[in-house]
């Protein structure tokens, strides 16, 4: 008994180690299924970002409902990273070595993503995800892909939109002291300096703040014409409210950590946001317009009740997550009836100018470019309070 | 004969309250000296002053001719002044043996590096200490409870254990704070015998606080009476017993 | 002195013979040796993580269990250990094995600093809040001292640096042997310390500080020693964490981590070395069993601790003690 | 730079009032039981969510608030009786852990329900702002400060004038003494723990006026509350309020004139400095315990 156990264990190790190198790797693929790992913060204080994981899941279920790809249906294994490196590694190892998934759909927490990167590279596990940390795909890692904007694209879009107003030169940055915020605001700061703007100051505003008086008064005293806020939604709301309170007229550009609609609604003061508060915009049209309606319907139809918001329509995080599913599926479509990791990666790298139907930019990958998108719009309320998507300052996107 | 312990004009104040007021006294080797007085007379404060738990505001305390006031309790203890506590100073969560081993602490010369490396010298020091502790317990006839928790011992055993622990390093001076509290009569007489034995056989100077007046009269060579922090008498028991003023001051309250 | 003890606790009645057989504990690491041949990378990783938390629990227990002080600074020792290893490996190019001792020493140093308020008579909740503040301040330093710590992004420990005398540890199975050695070493050393006059001094201070001083124990020095040794052991755990996770970030040492480390000590058994090891195993492995219901994890975790405190106040170790007296720690009782 | 000083002070007071309320609510439980509730932050959070739930069920704000406070009071009483009382004589670590664990479970529950979205409580009044000289005041500032001042006055009356207050003093000074005067100490502990929870919940609701709700709502504020208690003197209700206000002002001044990176650690610096320099705080009796 004991002996045979050892034998199987050794055999399994051997099976994993040697032949995999020779032939194409088909781990996670059966005649009828494709196993996908979905890694995200389902517990802990970053759980607020888990719609990023449900977006792609909705798309996979939609595809399954339509019969799957080349006769195979997707089978998702969720794993909780809790946004904690030690737990995230355990989760990823379970997906790779126990569940033997084909690939992993990414974890929005960049610390965890960085911690699992060496393992993914070693095993050659494909990864596709929405994590903001640009280091995941720069320099290019053979099997890792960003279908969505990293901190660099988003941060530059924030700065770029502010500078597209010729009147704006002096910019203040208000940010959390965490990797997420620095992931956006560091590239933003570099972009401003390179493009003729001036970064007046970088002001800290920590999570759990209940008041933004100090920050607002510093912005006011320094005479900033624009403020980049690399802040989560609660603190962004406080900053907007307090800037308004002290009559600071500066334009505010928020990072992608907040939901635009909710932020506007929760600031609850038109004067604080109209023609004043903007955010980089990842999508080709306004959420809620017919152009994106099919996605909203998809989320509502295919996600379970506890995977959707308690109240209201799906937030932009669902839309931001869904391209990960779309491009992954496109990879399988192109990889043909007998997919392998190698074929899938080649298929993804063959994607050029692919319209996801949701993102502002089309997706283009190549052998040495694993970030699929770059162009972003900006969203804001115009003078009349109408939500508008802009391509640049004062230039609304034609509807 | 040079005094073992010598207090000169010792004063302790707590805010406005003078707890010990210019007390002078001496204890010689082999002498049993009892401090009595009504509640709040400053007996325990006097003890705390000697053992370093309370700072004195005036006077001096000499032990073997050396000033000890101003030293920390552990330094005074290391010099050879050991004490027991009124409300039981045992470590209830340690066994009787471990309690005595703590008493022996300063005598165990195992260094930390030796212990961590498990050198035989360190091991020997530890096991020698353990053997010594068992011996001490046996000597006082409580060896059979060596591996029981202190909190599981009877009241009498706890009192004796505390004395064994205090005596582990063979100090020249022992301070006993109400050793007979809560003891059954037959235990009291055993206690008296032990105290006498310590003084006569080993020449230990003993300063004790006690409320049980019969015990004091039967064991003490000399009785010191405190009242409102002041010394009102310092004489052999018989003489104190006869002193009308003492009886008024003290027994009236007792 | 013939009167019998008031109540004879069965534990203390046991003849000391079983204590002579404590070498049987060596069977545990020996039996674990073939583990890498049976476990896959995932399970082996979880086992390694348990081994990281063994010193973390052992070190923490010295201060809160044996010395009995309410100090919340453990996560500071853990963090400084991890950062010391990370910085030495990344910035100075040291191999990991050479960073273990410095990590422990830094942990010990930080332990001494965290112990200073206790010397000034700060106790109970005051000490708890103060040490909590200390740990958070240190975390603030990790975030702010960007050139050294990498700031909020943290730092990646170079994979090549994770070796022992040049012998690389590429798989979880390889790390396991290094970790098992370190965990066992920390347990054995702490066991020796606690069984000596030093350990007895800690327990005497816990029981009655004044009486301990009256026995000639310099209490201040021993309080510092407990913090320093606790910090050292936890610092070594931090170094192991750096090698295992490979990525050291400030958020890994936040209040949630502190609660986790508390749980290791409480669930295992306050003041029990056996308990620290058990607690590390239970608290680290339990979430893996609840993977299917991630949202429930926090709630279950809270409920688990509540139940343990209510029904097993001396932790899971007290259950084992009922099985065989060999598991009774001689260090602590209520 | 000095032109904004009055504004910083006024805003500091307004922020400090919130810290003061949290500190006060911990103090109430501490005075009665001599145990600090380390899980208090989660009760603060629970109060805000409870109000949110009752408002969501269609109740007007005021009754919803009262129901929420009553629920938290009951929860406090129950947890004290069922979980804290049985171990009240155990090691302090167990007490601290028990409170933490209860809070952790509550937080887990909230996360399960609302973890993946941001919800707001909303104000039951208009979000107005007034100019007083060069200083901007908002309705939020007035509501929060008014509530805390009213509460402090009520507590002052309860503590110093009513018989209950004398009981609280008695129990605070000596548990055994309180039992001797015929007080059901257990029931009393439960009630006061509940009162602390309800006050904490009120703090949560006031927080909820300012910021969106999240399961971690109370955690950040609790640390500030502890710092305020330490600064003002542990166990002193008046000290808790003064400590809260001073802390609020220090955060603003340090943040504006030195660097905003210090706002987050002002509370920690204050805690450490106070305990090292003047452990009894501004108004406390004693902060050190020598056994």
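Letters are used for the chains, namely A, B, C and D, taken in the order the chains are written, and counting of residues starts over at 1 for each.
Quick note on the criterion: a residue touches a chain if its C-beta (ideal position, glycine included) is under 8 Å from a C-beta of that chain, and two chains touch if they have at least 3 such contacts.
Since the structure is predicted, the reported quantities are computational estimates derived from the model, not experimental observations.
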{"item": "Common touching chains of subunit C and subunit A", "value": "D"}
{"item": "Reference subunit D; chain at largest CA-centroid distance", "value": "B"}
{"item": "Chain nearest the overall C-alpha centroid of the shown protein atoms", "value": "C"}
{"item": "Selected pair, greater C-beta contact count between A-D and B-C", "value": "B-C"}
{"item": "Length of the line joining the C-alpha centres of subunit B and subunit D, rounded to whole Å", "value": "48"}
{"item": "Distance from the mean Cα position of subunit B to that of subunit A, given in whole angstrom", "value": "73"}
{"item": "Whole-Å separation of chain centres (CA-atom averages), subunit B against subunit C", "value": "39"}
{"item": "Distance between chain centroids, defined by C-alpha means - subunit A, subunit D (Å)", "value": "37"}
{"item": "Shared interface positions of subunit A, touching two or more other chains", "value": "43-45, 47, 177"}
{"item": "Multi-chain contact sites of subunit C, meaning residues that touch two or more partners", "value": "144, 208, 210, 295, 297-298, 334"}
{"item": "Set of all touching chain pairs, with the criterion as stated earlier", "value": "A-C, A-D, B-C, C-D"}
{"item": "Residue ranges of subunit A in contact with subunit D within the complex", "value": "43-45, 47-51, 177, 203-211, 213-215, 217-218, 220-221, 233-234, 237-238, 245-246, 259, 262, 265-266, 268-269, 309-310, 315"}
{"item": "Residues of subunit A touching subunit C in the complex", "value": "5-6, 9-10, 12, 42-45, 47, 78-80, 82-87, 89-91, 93-94, 96-98, 110-111, 114-115, 118, 177-179, 181-183"}
{"item": "Subunit C partner contacts - residues on subunit B that touch it in the complex", "value": "51, 53, 72-75, 77-78, 82-83, 85, 89-95, 98, 101-106, 108, 110, 112, 115-116, 118, 122, 126, 129, 140-142, 145, 147-149, 152-154, 156-157, 160, 165-166, 169, 190"}
{"item": "Interface residues, subunit D side, partner subunit A - complex", "value": "1, 4, 7-8, 11-12, 14-15, 18, 111, 113-120, 122-123, 127, 129, 136, 138, 207, 210-212, 214-216, 219-221, 251-252, 255-256, 259-261, 263-264"}
{"item": "Residues of subunit C that touch subunit D when the two form their complex", "value": "64-65, 68, 70, 117, 120-126, 128-130, 132-134, 136-137, 140, 144, 208-210, 255, 259, 262-263, 266, 270, 295-303, 305-306, 309-310, 313, 334"}
